[in-house]
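Can you read through this structure? Questions will come right after.
The chains carry the letters A, B and C, assigned in the order they are written, with residues numbered from 1 in each.
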Amino acid sequence: MAAPRDEELTRGSQAALTRRDLVRKAGVGAFALTMFGGLADKAFPFYGPLRYKHKQLSGELKILQWAHFVPDYDKWLDNTYIKQWGEKNDVEVKIDHINNALLFSTASSQVAAQSGHDLFQFLSPPSSFQKQVIPVDDIIQEVTRKLGKMTDVGYRSTYNPKTKHYFGFPDNYVPDPIHYRRSLWFNAGIGPKTWEDVRKAAPILKRAGHPVGLGMSNEIDSNMFLFALLYCYGGFVQNAENRIVFNQGANRRGAIEALKLMRDIFRDGMSDEVFAWTAASNNQGFLAGRLSLAVNAISIARAAEATNPDLADDTWLAPIPRGPFMRMGNEHVMGVYVIWKFAKNKEAAKKFLVDQQLGYKEHFLQSKFYNFPVWTNAIKGGFDAIRKIAAQDTHKPLGKYTILTTIAQKYTTNVGFPGFSNAVIDEIFNRYLIPQMFAQVAQGKMSPEDAVSAADKEFRNIHRKWRNQGLV
Amino acid sequence: MEALRLVRRKLGTYLVVGPFAIVLAFPFYWMLVTMFKEDLDLYNQQHVPYIYNPLRWDFWSSATTKHVAFIFEHTNYPTWIANTVIVGGIVVGITLLFAMPAGYALARLAGRWGQSAGVGIFLVYLVPPTLLFLPLSRLVAELDLQDSLASLILVYPSFTIPFATWLLMGFFKTIPQELEDAALVDGCSRLKALRRVVFPISLPGILTVIIFSFSLCVNEFIYAFTFISSSEHRTISAGVPNDLIRGDVFFWQSLMAATLIPSIPLALLYNTFLDRFIKGFTGGAFR
Amino acid sequence: MGVVAAAEKQHRAWRDLLEERRFLAPALIAPAVIFMAVVVGVPFGWAIYLSLTDATGGSLTGHFVGFDNFVNAWDDANFRRALRNTLIFTFASQAIVLVCAAVLSHYLVRDFRGKWLLRLLIIMPWAAPVALSTIGWLWIFDSAFSVINWTLGHGLGLVDANNPPQWLGRPNLALWAIIIVHAWRILPFALVIFIAGLASIPTEVEDAAKIDGATGIKKLFYVTLPLQLPIALVALLFGIVFTAADLTVVFILTNGGPFNSTQMLTTWAFQIGINSGSLGEGAAISLYLFPLLVVVTILMLYFARRAQVT
C-alpha cells in the first residue's frame, strides 16, 4: 500500500518543480500554466495521506515571514531546511516571503478572511492580534524544559501577564549595535562610549563632513533606537506593572533630557535628512562613507564587506552608548511566530517551531549572525559558544562580531521595557509617536516639556482603549 | 511676414511643450541611468550622478547590466508581467460586459431615473478603498480564491465598472438618436441595433474604457498585496516592491529597471491609441 | 404543429419583452448594480459597522461603541492634520494639473514635427505603475543621493551641496513633494481629456472668434476656456477622486513623516486601523472621506449641468 503512494508523491513534486521552472524560463508563454497549475494544485493535492503510520503529522504547513535581508538565508531556508524538515515529518512545507512593511496588512487581511498561513512571523511583538491566535504556552514549556530559560527580551515580548498566556512564540531577535567609523572618531579624539561623547563629537564630525546618523523618521530603525535612548535617560513610557508613567517624576525629567540631547545632536551634528529617512537610508549613508555613526543591525557591516572592503575594515561595532541612567538598547527586530486560531495544521506548526529553535545554530550561521536564538542554549554552550563562533569571522577588525554577544547578553531588551511589549506599546510604536515627539522638538516646533506632556496624553488614551479590550 | 509668424508660432510650441516633456519624462531618464550603475558608483556622493564613474572613453565599461539581469534571473519578474496582463485583460473584458449594457441603458432608456442611477453608480466610486480590503478578503476566502489571480479578477471590476459605466454613458448620449431609429425602422430589434449600430460607432469610447480600466488594474497595489501571498501569483505592482526591497536594503538599480521596462510599451500603446481616444473623449461624459 | 406555434409565440413574447423599455432598461443595468452591491456595497456596509465597534487586529466583529471612534479620531491632533493635508493635497495637485493641462493641450492640438515623440514622453508618467514610479521618485528625492540636490548643489551652486534641502524631511517640503509627484502622475490623464475637449470645439466657433477679432489671450479667456469648462470638470472630478482616495504615493514617499506631518486620511486610517490594530477607529477615519467626496461630486455635477445649459 505504501509503495505506490510514495511514487505518486515523487511524481507530484516533480511536476510541481517542472512547472515552476517552466514559468521562470518561459515567462510569458507559460502564464496560463501558472494559473491553471495553481488550480490543479488545489484539486489534486499531491502530498496525500500519511506515509508512515506512526507519525502524527501530515498535510501541509504554510508559513509566511519577511524577505530576509540576507537573501542567501531565505534561499537556504526555502530550498534546504524546510525540505529536510518536511521529509522527516511528512509535511509539505511552503514558505512565502513578504516585505516587512506589509506584515500587518497581510495579517489583518488573513484574520478578516479567517484563512491563510498556519504560521505567521512578525518582526515586532504583534500584541494587537492577541485575540486571533492560540496561546503557545505548551511549546514554550517544552523548549524551556530542553534548553533552559529563554532570554528576557523574548519573555517580555510575548507573555501577557494579564491573560497569563504567551500569545506568540519568540523565535529570534536581532541585536542592534552602533556602527561607527573608527578612523573618523579617532581623529575627532572621542569614542562613542556615552551619549555625552556623541553630543560632543557630533559637531566635530559634521565639520569634517561626516555627520552622525541618528534617524527621527517614520520607520522602524528610528523607532527602535529612540525608544532605547529613552531607557538610557530613564524616561520610561511605562513601568514594570505596564502603567503609563511617562509624565511622572524621574521619567519626565529623563525624557526631557533625552529630547534635549537629540535636539543638540541634530542642531550641531546632523542635517534634515534624518527626518526623511527610510529604513534603508542610514545603511546607504554609511556605505557611501558619509555617516560616521549609525544604529542598525549588522546589515551595514555585512553590506560593506560585500561591496567596499576598505570601508568595512574601518567599520567598528559597539553597544549603544551609555546614558546617565543606564546603557540599554532594543532588539533591532524581534521575530515572533503566531499560530492563528484558524490555522489548519496547528500540530505541524508547533513541531516546526520547536524543532527550529532546537536547531537554531544553523539559522544563526546562515543568517550571518543576524538572527540570535531566543533560547541561547539552542546553540550548545550558550553565549560563550556564540562568542567563539563570532570570533571566527575573518573580517577586520578581527573579532568585531564578538561584541554582538555582549550586546545580546547585556544591552538588549524589549520595546516597552521595563514592562511588557503589550498592545499599548505596540500601538505607540506603530503610530510613530516616539519619533514624532523627538522630531518635533528637534525641529523646534515644540519645547521638550510640552512634547512630553502631549505624548503622555496620547499614551493614556491608547492605554484606556486597550484596557477596555482586557489586554492590559 | 506670414512665414515669419508661422516660424514664431512653431518655436513657441517647442518652447512650451519641450520643457514639459523633459520634466515629465525626467524620472524615466533617471531610471535608465540608474539601472546600469555599479553599487560603488551609485553610493558615492562625490560622483557626478549623470555619468558612469570612473569616466572612460567607452563609458559602457563603467556600467553593468547585472542588476537588470537580476530581475530576470532571480525573481519571478516575467511571471509578474504575465499575471498583470492576464488580470488586466480579463478584468477589462468583464468591465465591458457589465458596463456597456448599463451605460447604454442609463443613457437611452432610463430617462430621469437614469440620471440619478448614473450618479449613484458614480458615488460607489467614491467609497474610500483604504479598509475595504478587509471585508473583501473574507469574501475572497469564502469563495476559496485566496492566493490566486481569480481573487483580483473578482475584485478589480469593483472600481473599473463604475468608471467605465460613467464614461460609456456619456459616449452613448452623443450618438444621434436618428441613427438608431433608422435601424429600428429597418426591422432590427433594439438589441440588434445596439450591436450593429451603437457599439461600432462608439468604438473610440470603448477603446478609452479599455485603456483606462487596464491602467487602473496595473496600478492597483493593496489588494494585489494582501490577497496574494506567493511570489509566483503576484502582479507587477505588488511583486516588484515585495521582492526588490529586502528589509533595510533597496535594490535601487533593479527597482528602476523593473519600473522602466513595463512603462515603455504601455506608453507606446497609449500614445498610439491616443488619437483614437481623443475621438472617444470628444463624445465623453457630460455631453 | 401546435408545438412549433407555441414556441414561435413564446419567442415573440420574449422579443416584445426585450423591446419594452420598462423591462429592458433594468435588465441591462441590473447586472452591474448587483455586482457593485455585492463587491462594494457589502464591504462598505461592513466598514460602516466596523467603525461603530471596538474591533481590533483584522477581526471583522466587535462590541458596539456608538460614535466613540469618530469622536476619538477627531480628538487626535494628527487626525485633524491629516484631514487638512488631504484637502491641501487634493486641491493643490488638481490646481497644478488643471493649469498645466490647459496650457499644454492648447499646444498639443496643433500639428508639428516631433509631436508624436514629445507626446509619448508626456504620457509616460501615466503609463508607469504608480507604486513603482513612486519608488523612482523616492530615489530622486533620496536624502543622500538625490539627483535634484546634486544638480542644484554641485552642478549649479544654488543650494549648499553639503546640506541640501531635504525634500522629504521638512513638513512643508514633503507635502509639496507629494503634491508634485501626484500632479506629475495625473497630468497626462487630464491632458488627454483636455485635448479631447479642444478637438471637439466646432470649427465654426473658431472662425466666428477670428472674425470678431478675438486672438491670443482674449480668445483663450472668452472662447476657448468657457467651451472647455464641461470637459475640465470631468478631468477635475476624476482627478479629485483619484487624489483624495490615493494611498500609494504618500505611503511610499513619506509614510506620513516627518513626524506624521504628511499623513492623509487614507494613510492615517491605514496606520491606525491596520498597523496599530485599532480597526474600528481606522474604519471611522476612512469614512470621514466619503461625505467630503459626495459633497464635492454633487457640487460639480450641478455646475457641469449648468455649464452645459449655457
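Just so it is clear, a contact is a pair of C-beta atoms (placed from the backbone, for glycine too) under 8 Å apart; a residue touches a chain by one contact, two chains touch by 3 or more.
Computed from a prediction, not measured in an experiment: that's the story for all the values here.
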Starting at chain A, fewest touch steps before arriving at chain C: 1
Interface with more contacting C-beta pairs, comparing B-C to A-B: B-C
Chain A and chain B: spacing of chain centres that average the CA atoms, whole Å: 36
Averaged-CA centre spacing for the pair chain C and chain B, given as whole angstrom: 14
Per-residue overlap in chain C, given as positions that touch at least 2 other chains: 58, 60, 144-145, 270, 273-274, 279
Overlap residues in chain B, where contacts from two or more other chains coincide: 43, 45, 134-135, 138, 222, 241, 250
Multi-partner residues of chain A (each touching 2 or more other chains): 105, 108-110, 112, 278, 284, 288, 290
Residue ranges of chain C touching chain A (in the complex, touch as defined): 54, 56-60, 72, 75-76, 78, 138, 141-145, 162-163, 165-170, 174, 254-260, 270-279
Residues of chain A defined as touching chain B within the complex: 20, 23-24, 27-28, 30-31, 34-35, 38-39, 42, 64, 66-69, 71, 94, 96-102, 105-106, 108-110, 112-117, 221, 278-280, 282-284, 287-290, 296-297, 299, 303, 307-308
Complex interface listing, chain A residues touching chain C: 104-105, 107-112, 126-132, 209, 216-219, 271-278, 281, 284-285, 288, 290, 423, 426-427, 430-432, 435-437, 439-440, 443, 445, 458, 461, 465, 468-469
Touching residues on chain C, where the partner in the complex is chain B: 15, 18-19, 21, 24-29, 31-33, 35-36, 39-44, 46-47, 50, 58, 60, 100, 103-104, 107-108, 110, 112, 116, 118-133, 135-137, 139-140, 144-145, 147, 150, 154, 184, 187-188, 192-193, 195-197, 199-200, 230-231, 233-234, 238, 241, 245, 247-248, 252, 265-266, 269-270, 273-274, 279, 282-283, 286-287, 289-290, 293-294, 297-298, 301, 304, 308
Residue ranges of chain B touching chain A (in the complex, touch as defined): 39-40, 43-45, 76, 78-79, 81-83, 85-86, 133-135, 137-138, 140-141, 144, 146-149, 222, 225-227, 229-233, 241-243, 245-250
